[in-house]
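I have placed the structure first, in the form of structure tokens, so that the comments after it can refer back to it.
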Amino acid sequence: MTDKLSNAQIAWRAAQDIADGAYVNLGIGFPEMVAKFQPPGRQAIFHTENGILNFGEAPPEGEEDWDLINAGKKAVTLKPGAAFFHHADSFAMVRGGHLDVAILGAYQVAETGDLANWSTGPKGVPAVGGAMDLVHGAKRVAVITEHVTKDGKPKLLDRCTLPLTGVACVTRVYTSLAVLDIEGGRFILREKLPALTFDALQALTGAALHVSGNVADLHVPEL
Amino acid sequence: MDKTIPSLAEAVAGIDDGATVMIGGFGGSGAPIELIHALIDRYRTTGHPAGLTVVNNNAGNGHIGLAALIEAGMVRKLICSFPRSADPVVFTELYLAGKIELELVPQGTLAERIRAAGAGIPAFYTPTGFGTDLAIGKPVAVFDGRSYVQERWLKADVALVKAETADTHGNLTYRAAARNFGPLMCAAATRAIVQASRIVPAGGIDPEAVITPGIFVHSVVLVADPAQEEVLNRRKANYFEEVQG
Amino acid sequence: MTDKLSNAQIAWRAAQDIADGAYVNLGIGFPEMVAKFQPPGRQAIFHTENGILNFGEAPPEGEEDWDLINAGKKAVTLKPGAAFFHHADSFAMVRGGHLDVAILGAYQVAETGDLANWSTGPKGVPAVGGAMDLVHGAKRVAVITEHVTKDGKPKLLDRCTLPLTGVACVTRVYTSLAVLDIEGGRFILREKLPALTFDALQALTGAALHVSGNVADLHVPEL
Amino acid sequence: MDKTIPSLAEAVAGIDDGATVMIGGFGGSGAPIELIHALIDRYRTTGHPAGLTVVNNNAGNGHIGLAALIEAGMVRKLICSFPRSADPVVFTELYLAGKIELELVPQGTLAERIRAAGAGIPAFYTPTGFGTDLAIGKPVAVFDGRSYVQERWLKADVALVKAETADTHGNLTYRAAARNFGPLMCAAATRAIVQASRIVPAGGIDPEAVITPGIFVHSVVLVADPAQEEVLNRRKANYFEEVQG
């Protein structure tokens, strides 16, 4: 076991919690990777903001249909039972609580469930897309992320310092080191890499970690 | 994924006493007669579900479908826009006797409240009803110099809807103007139960032709040759006489 | 010329003001008659609340499709270029100002443009249907009505006494005796039956009649 | 009734300086490239329309379509959710230089504001954006114990939309996910101008298959083999170089 999970391994772990038949939205970029790791026998139905339910993988290069893309503007294919709809219906699905799970990336997550994932501050061109809708729509909002930033600062905090995407919306965080639930304004540690002590994890986390019941070992295959 | 339920009785089995039940249809067009009758069958056998709040555009016609549901004594309150029909005697008598509650809602506001529920919009403003008795007690606001009434979303525990074709994922098409409230009600209900004239495998409906995406649908039951309320009423059909007799 | 117009004649007169290609909603009952009297060469597109654009006349008896009905629950047929849509889209057309004309019946119309056409008071079962939406949605809301009630009381009033359908919504009234516009809180007489004097019409009207420019003769064919 | 316009130039002739113009499409999917280029052609010939407010999900990509409209200097303000793309240099440079205004709107709120405009709903409440910088200054209300932000409708003078098939009444179908904002924008604009790959007589589209009913559409122009933004950008197409040289 390496000292932390790869992105693929984080995505794999998040995929294990998606039930067969669940309606799922994966944020653009890293979260899209979760679709690759559905456990055998389970088939989620993926939603994309731009108006498709039940799309599948990218087509072979050269066979793209550029009217058939996902929210990240990547070409996709359709699975049997797909449907098209316009943007208001698409966000009715989001805002109306019809998605079972949304999995998003994060700059920061707070123990309050607050998420910051759309803006690193006033510099540059701001862009939000559908993230603010997703965090207040899906029945379960989970985050996948490195446990700390590239320069080693905690991403799990008592309060977010970056502009918020949503307030009190995240309930589970899959990081490169651990799996945590957010309940009652606290991070509850559910799983951690076996080699990592609680204290070592706490030192990498910007909010108090709590334990409620067992803390399982975070086991993920080599990918 | 297969949302197909093998029988009407199983399809309506989980509806509780006191539930809010949306029923699709505009008059007889789109009325899910078989689902409604299955629900009455269950009530007559088990005494449940009772005390329902029903949302429909109308209040039933004759002695079948919604009118029979009301006549069976299962409905505590009706939310509708137009409780008149060719033969509205069942509702009319109970209403005038004070035995059923009525919330009258302008038709477009009814549609939009249901749509808002499905879309996660808890409240919206509409010009409809401003200054009328149907806006009494509702918040009012002015936008761009014009007055509007604030209306709230209308959610349901269950929707009973009639579709033309369903696939096993719950994607639906409708037939002509039978579409009416169906797509809205499927999205506004915690559980949308659909009777369809035809059920096809996933992939059997062109993704361009889907009117209600399957995400809004929870159960699909086949009713291959559904009754048409208007046709039943023209031959003076009566749910109670036909079942009992 | 009889001493007042028949319903068909009132409907005929209203039909003359509907432009070719106009999107029109006709209230259930008497207003439905307007569709019969479209002038030659003009073709309006009729909308019905329950989700059809461009429907046509009733089919022959025995050939009804009861999934193809209008707001009055009467069987209709389709014209080329018809479309189906759900109830929220249908009332988006209404509320969103996309209809050119709505023509409704009335119990009472006030010089303020207020309309009462849904309730005769607390007795009986109230029913409103789509009337309250139509009066605040269509670009032009016109009323067709007898000039007075069956027992001779005025239906055109300074203020409605019955429960309102809408406030300041009607801009033209076609009666069995006259055609009037409502402008600036006043009835402006545009046309009247030639045999009727202004004073006689005023005596049958519960609000002051005003003249602005010419008052034309109301000429309608025998029907 | 025939809403067909014989040429792209005539289709975009009546758009005024300062107009609010909604442009359909999500990225390149559904982008009405030919209508946009016709509008730029007009501006380069006549100097009009200038000072436009443009509503689109994005801010253009490369140097064609919406990006070219911005590059031509016709756009004063952009209302969008995601002004990033593979090559957003045109917008980015103008924005960072303070030469174009940006109103950033969450995508679902953008869609719902446009939908509200078409549906005559001046304001609605949404959970989206509550407690964030994008809700600053907006009214907030609590419904059933949860906090919501009040958002206003978003109307336009003109919509430019790409459809697959149109009939002469303006009934439309779309192609796959190119549908996106098209139906909403048609209804929200005073004048919806549509380019269609195919125009058929009234009756040529199944009434069940109509996605945008003709009542929401004002002009239809044939573009039989429309360009695809993504394909143009992959070959580094540039509106200005191609037109000029």
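Should a chain be cited, it is by its letter among A, B, C and D, assigned in written order, with residues numbered from 1 in that chain.
Here is the rule we use: contacts are C-beta pairs under 8 Å (C-beta built on N, C-alpha and C of every residue); 3 or more make two chains touch, one makes a residue touch a chain.
All values reported here derive from a predicted model rather than from experimental measurement.
Peer 1: Using the stated contact rule, I'd like to know whether A-B or A-D comes out ahead in C-beta pair count.
Peer 2: Pair with the higher count of C-beta contacts: A-D.
Peer 1: If you average the CA atoms of chain C and of chain D, how far apart do the two points sit, in angstrom?
Peer 2: Chain centroid spacing, chain C to chain D, equals 36 Å.
Peer 1: On a C-alpha centroid basis, what's the spacing between chain B and chain C, in Å?
Peer 2: Each chain reduced to its C-alpha mean, chain B and chain C end up 30 Å apart.
Peer 1: Would you give the residues of chain D that are in contact with at least 2 other chains, written as numbers and ranges?
Peer 2: Where chain D meets two or more other chains at a single residue, that happens at 112, 115, 119-121, 126-127, 174, 176, 207-208.
Peer 1: Quick check: what residues of chain C touch more than one other chain, meaning two or more?
Peer 2: Touching at least two other chains: 52, 84-85, 88, 91, 94-95, 136-137.
Peer 1: Think of each chain as a node with edges to the chains it touches; is that a line, ring, star, complete or other?
Peer 2: other
Peer 1: Among the chains present, which pairs are found to touch?
Peer 2: Contacting pairs: A-B, A-D, B-C, B-D, C-D.
Peer 1: Spell out the part of chain A that touches chain D in their complex, as residue ranges.
Peer 2: 48-52, 64-69, 73, 84-88, 90-91, 94-95, 114, 119, 124-133, 136-137, 163-167
Peer 1: Show me the residue ranges of chain C that touch chain D in the complex, using the header's touch definition.
Peer 2: Per the touch definition, chain C meets chain D at residues 20-21, 23, 43, 45, 47, 52-54, 78-85, 88-89, 91-99, 136-137.
Peer 1: Given the complex with chain C, which residues does chain D contribute to the contact?
Peer 2: Result: residues 1, 115, 117-121, 167-169, 171, 187, 201-203, 205, 207-208, 210, 213-216 of chain D touch chain C.
Peer 1: Sort out for me which residues of chain D touch chain A in the complex.
Peer 2: So the residues of chain D touching chain A come out as 26-30, 57, 59, 81-86, 88, 91-92, 95-96, 102, 104-112, 114-115, 126-134, 174-184, 211, 228-231.
Peer 1: Which of the residues in chain D end up touching chain B in this complex?
Peer 2: My answer: residues 112, 116, 119-127, 141, 143-144, 146, 148, 152, 173-174, 176, 207-209.
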